[in-house]
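A single structure is presented below for examination.
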Amino acid sequence: MKALFYPGCSMQKNARPYLDSLLAIREDIDLELQEIEDWNCCGATEYMSVHRVAAHSLVGRNLALAQDQARDTDVLTAGCSACYLNLAKTDAQMREDARLKVTVNAALAAGGLEYKPGSMKVRHLLDLVCHDIGYEAVKARVVKPLHGLKVAAYYGCQVVRPDYDGHWDNHEHPTSMDKLLAALGAEPVDWALKTQCCGGHMTVIGPDVAFGLIRRLIHGAQEAGADLVVTLCPMCQLNLDAYQVEMNKHFHTDYRVPVLYFTQLMGMAFGKTAKDLGIGKEFVAAAPALAKIQAEAPKVAETKRKRRPKPGDALPMPGME
Amino acid sequence: MAKQNKPERDGQERIGVYVCHCGTNIAGVVDVESVAKFAAEDLKDRGVVLARDYTFMCSVAGQELIEQDIHEQQLTRVVVAACSPHLHEKTFRGVCERSGVNPYLSEMASIREHVAWVHTDKAAATAKAKAIVSGTVERVLKNDPLEAIKVPIDAQTLVVGGGIAGIQAALEVAEAGYEVVLVEREASLGGHMAQFDKTFPTLDCAACILTPKMAAAGSHPKIHLFTWSEVEKVEGYVGNYTVTVKKKPRYVDEDICTGCGICVEKCPILVVDDKFEAGIGYRKAIYWPFAQAVPNLPVLDTETCTYYVGGKGGCKACEKFCPTVPNSIKFDQKAERVTLRVGNIILATGWDLFDARRIPQYGYGRLANVFTNLELERMCNAAGPTGGKVVMRDGQSAPKRVAIIHCVGSRDRNYNRHCSAICCMQSLKLAHLVKERTGAEVYNFYIDIRTPGKEYDEFYQRVLDDGVHFVRGKVAEVTDIPFDPAEASRNGSGALYVQVEDTLAGLQRRVPVDMVVLSAGLEPRRDSSEVGKTFGIACSTSGWFIEKHAKMDPIATMTEGVFIAGCAAGPKDIPASVSQGSAAAARVLNYIRQGELALEPVRASVLAEQCSGCRICNGLCPFNAISFIEERKVTEINAALCQGCGTCVAACPAGAIQGTGFSNEQLFAQIEGLLRDFSREPEVV
Amino acid sequence: MASTPGNNRLDHCIQCGSCGGSCPSGPEMDHTPRRLFALIRAGERDTVLRSNAPWYCVSCYYCTVRCPQEIHITDVMYTLKSMAIKAGLFHDAALPDFSETFVDYVEKYGRSFELGIATRFNLRHHPLSLAGMAPMGLGMLKRGRMDLTPHRIDGMAQLTAILEKAKALEGTS
Amino acid sequence: MTDATFEPVIIGFTCNWCSYRAADLAGTARIKYPPNVRLIRVMCSGRIDPTFVLKALSEGADGVLIAGCHPGECHYLEQNYKALRRHRLLQKTLAQFGIEPARVRLTWASAAEGALFAEEIAAMVDEVKALGPLNWPARPVPVATAPAEIPVLGEVAA
């Protein structure tokens, strides 16, 4: 599968492990990534607060470059949630709002560019891995299944919402990353906070709010029995990992829940070395948790014999489907 | 019938054109005087001898105006330019009939719905109105005097759906002495109402007021009950429907079984009953839906009975212990098909509950102590799985704090846009019952309290007296994870937090409760579009059946002879469903009493001498009205089966097929009239 | 006020509160999004633009997907922020300044530069906490997760031309 | 050659059970649409003989709209499918007459879709306005209309 790749500013340094692990597993899942030459910042959640049209034009430049540089693929993928959202939002809103399309293209014309909305299909990296490459293909590549590792899949917010083109199964209760982790042999824990917010830029402009949210996520993951949290966005990783230390200082607590990227876990399962995957660069060391992989023999999940209900028993529970 | 003015062919026709003001509805946009003047002058050469404009043509005075003109001016044809023919075509045909003109020599020109109400440019609207009048005049010239087709009405009526609306309709028709076939898909009559414990606003016990009617319907000599059955096919038309009913196998012989219940008692298999007990109760593999089931017959569920599961033919406890001779358990019983002739059909197919799983953030299906309103109804019901005690999912502990969330899945563009009409009242009733049974603190989360019916708001006052807390805000989410350890310590483990913005207090609250009840809204039946196609009626975009007229004829449909009652046409409370059941029955009795029905004389017929026997038309008729006569090598159309769609008329290359009411001549003339350019002729000032 | 390009469905709001209820930073907002819409419809322009709600919005889009009237609430928040800046009315100067610092760096280098943004913002608004940020800053450096120098894209001139034209058009749009 | 003042005249054939009621519903809901369409009621879209369309065009109409029930919802079960077949064939004939096929449009509208039907009419009026007046009798018939790939009989026989 071939796709145009928009790495985004975070992947240059802060989320270097995300990029390294992605590049490491790329061949294994035969994902050919063609980075957009001279891409610029997508404005994250800040630029749009100052100038709306200019923000769309900023993103528009990336879309126009992708459109011009694309060879035999119309898929444009990004690893970071904010980058993915801004690319998808600009493309979608230029499609819906003719006035915006005209204005943005007028601005792009000043740089000799033009973008025809809809010419690029904007997809998040996880969406490609789960739905295009597929769980079976990933499972087939697993060399070292991650048995014994309990993982909390954290989707964050901007990938599953507002989901302009309906790629994701559910705004509130997505399951694709959970299935991916299962394909890697890990055990995804049932965790209701998987799409709650990590605080975003509140860590800078309203730390108390952010620390409260971060603690709820970390505490929730721990309660759910997870050995570590896996995410798909540099800002979430930063907030949950780096700011977990700050949060501990703030609340005088001592949470130690490591936070990695799903591509790093895939790398582990594909037998890559920790160094290649940038493991060790997280603030809360993941080594102790990763040591649990294949520590004991995988306990076979004993099937509880469906005993016959007796009166006074608990009331039957409706299933999820 | 009065002497008919002899309709001369072209040339001597004397047409009267009447342009209606309809108050200001038409006159407000269309220059009615100018249209009348246009008809009188520009269409004089086409036979218009008189043209008037009048405030309300459909009024008694308006109608008398026409009658007077017909007598004084010997009019032979009438054109009324006013509203849609669907509203007053019958009125003006009646006027003609009373005054000696064949009713089918009158035509309506729709200049209200198709002109005045939809255009703003007065000049353009007036010009369009003139063109439509010209087209209608040309068309009426080509009308033939016709007689309505009389169709006998079969006196037997089919009622589909054994809920309260269907039972009411069936009883009313049967009480009037006519045969009724009542078909119910489930194993017993009762519908959703049978699941309820109490009803609002009177807190009557649902079973106490429903079971007498069910018993009456079950034992009524004139009502032929088909439970555990479905209507598979409907053919024919009003007065003469042929209906195929498929009786699903009960694996119990209805004639021998006495309903003693030993088989149910002895059956070893206990499974979750997600139909009647809404998923929080159990039933055996062979079971009654509920104690007061009508008919009092068990039914065997092949998906869970060990005899069928794995096909090994094991167990057979029910057969062993069945006291009847010969044994009423029939493992090899097959589905039967029964064909019936009925004259009219009443659809009372009811509603489905919104599936609360579609809102994951409310936690239904994931959080143990989140229930739906139907589950709570079953808990409150003394015959229910908990014997009337309101308990949490563990089956024992009574909740101390209960949240009831209104509008779950309703009034929401992401789910159902409609308001389910009764879900506020049902939430108030449940709040009262929970308060009464457990003394718990009860919180109702609402957007608006809607209490439209009689004694409804008084009931709301009563629930306020009970001390129920009302929080105005649409609940954002229900979670079992405390925000921080402090909140956890305050409320203990197992608490559910209802996160909502209390819009009156203007702050975000997280209300800790032990149990959440989701008051889910009403939805059309999931298969309503297939059922609609089976009976030839249409569904609205949201899925409810479409009435003939939303305000003026809510229980009829556009298909003659098919009526709708109860929630099948839209969410409503029990009193409204009952009265619609009676209304549909009254309409059907009206048809039966008339014994016959006058149908539009729109039929196709073949002129044998012109028919070349090419048989192009033979395959076009879904009603098999077209048949080829081998000996004479011509085609014939059976007038009784022909529905008048005209497809064969259009297809015949030789023009050998005539279509009354919409003949080629009429339509060609109307086209010419509509497009005639009057600008070249000098405008008579 | 209702000319906010986010979406003119504001007049469809039935004040149900599902946005206020879903908002992670709702408790800290002086007016919940719902109350802001009521204030907008009441013409309370200054109160709305001074509110801290748009700035506390973390763009998690819960409100947008849950709004029963399909109002694009998060987009409206963005619009309110840019209107607040234009009108020079805001809760406290620190809030818009973070966005403007971010914008300055993007307009200078074409890419964001965390170190620069963090230091300039904190210097100007929370000088004391700058010291507090040091351990984390060092941690990032030690782990090679922070650049000391910004990187400029090649097509800077092109990007600047585009952004200038956009801002000119936005002035009019 | 589309001067701004050109107002096309369009004949609309509607079926009694669905599209005619959709037009009625657009009326009761007071939904405004351009006055260029003049409606004719027939019992079913299957009743519309292609010659009616040619008749309307020859009498000076600039466009014809045929509106039936949605496939599967026809009151006479399936007759709107035949209207669909006839419309496809008619498009070929129109092309040979040198008439833009877009001038004869087939659409579906159920009794509940007043607004949609009004939009459909407005869209068609714009489209025909763009095409300009038809005045068919005066329109020259393009010569090279027969598609080239029809093989000469001789070649086929060989």
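We call the chains A, B, C and D, going by the order they appear; numbering starts again at 1 in every chain.
We adopt the following convention: a residue touches a chain if its C-beta (ideal position, glycine included) is under 8 Å from a C-beta of that chain, and two chains touch if they have at least 3 such contacts.
Note that the coordinates shown come from a computational prediction; the quantities given were computed from them, not determined experimentally.
**Student:** What chain pair has the highest count of contacting C-beta pairs?
**Tutor:** A-C
**Student:** Using mean C-alpha positions as chain centres, tell me how far chain B is from chain D in Å, no decimals.
**Tutor:** Between these chains, centre-to-centre, one finds 32 Å.
**Student:** Just how far, in Å, is the C-alpha centre of chain B from the one of chain A?
**Tutor:** Chain centres of chain A and chain B, defined by C-alpha means, are spaced 48 Å apart.
**Student:** Express in whole angstrom the distance between the two chain centres, defined as the mean CA positions of chain A and chain D.
**Tutor:** Each chain reduced to its C-alpha mean, chain A and chain D end up 51 Å apart.
**Student:** When you check chain B against every other chain, which residues touch at least two of them?
**Tutor:** 361, 477
**Student:** Using the touch definition from the top, which residues of chain C touch two or more other chains?
**Tutor:** If we look for residues of chain C contacting two or more partner chains, we find 62, 65.
**Student:** Name the touching chain pairs, please: which are they?
**Tutor:** After working through each pair, the chains in contact turn out to be A-B, A-C, B-C, B-D.
**Student:** Once bound in the complex, which stretches of chain C touch chain A?
**Tutor:** Listed in rising order, the residues are 5, 24-25, 28, 54-56, 58-62, 64-65, 72, 74, 78-79, 81-82, 85, 94-96, 98-100, 102-103, 106, 110-112, 114, 118, 121, 135-136, 139-140, 143-147, 151, 153-155, 158-159, 161-167, 169-170, 173.
**Student:** Mind listing the chain B positions that touch chain C in their complex?
**Tutor:** 361, 411-414, 447, 472-477, 499-503, 506-508
**Student:** Can you name the residues of chain C that touch chain B in the complex?
**Tutor:** 14-23, 26-27, 32, 34-35, 62, 65-66, 68-70
**Student:** Which chain B residues qualify as touching chain D in the complex?
**Tutor:** Residues of chain B touching chain D: 84-86, 110, 112-115, 117-121, 124-125, 127-128, 131-132, 135, 533, 536, 538, 540-541, 546, 558-559, 602, 620, 622-623, 643-647, 649-651, 659, 661-662, 664, 667-668, 670-672, 674-675, 677.
**Student:** Please output the residues of chain D touching chain B within their complex, sorted ascending.
**Tutor:** Going through chain D, the ones touching chain B are 7, 9, 11, 17-18, 20-21, 23-24, 26-28, 30-35, 38-44, 46-50, 52, 55-56, 59-61, 69, 72-73, 75-79, 82, 86, 110-113, 118.
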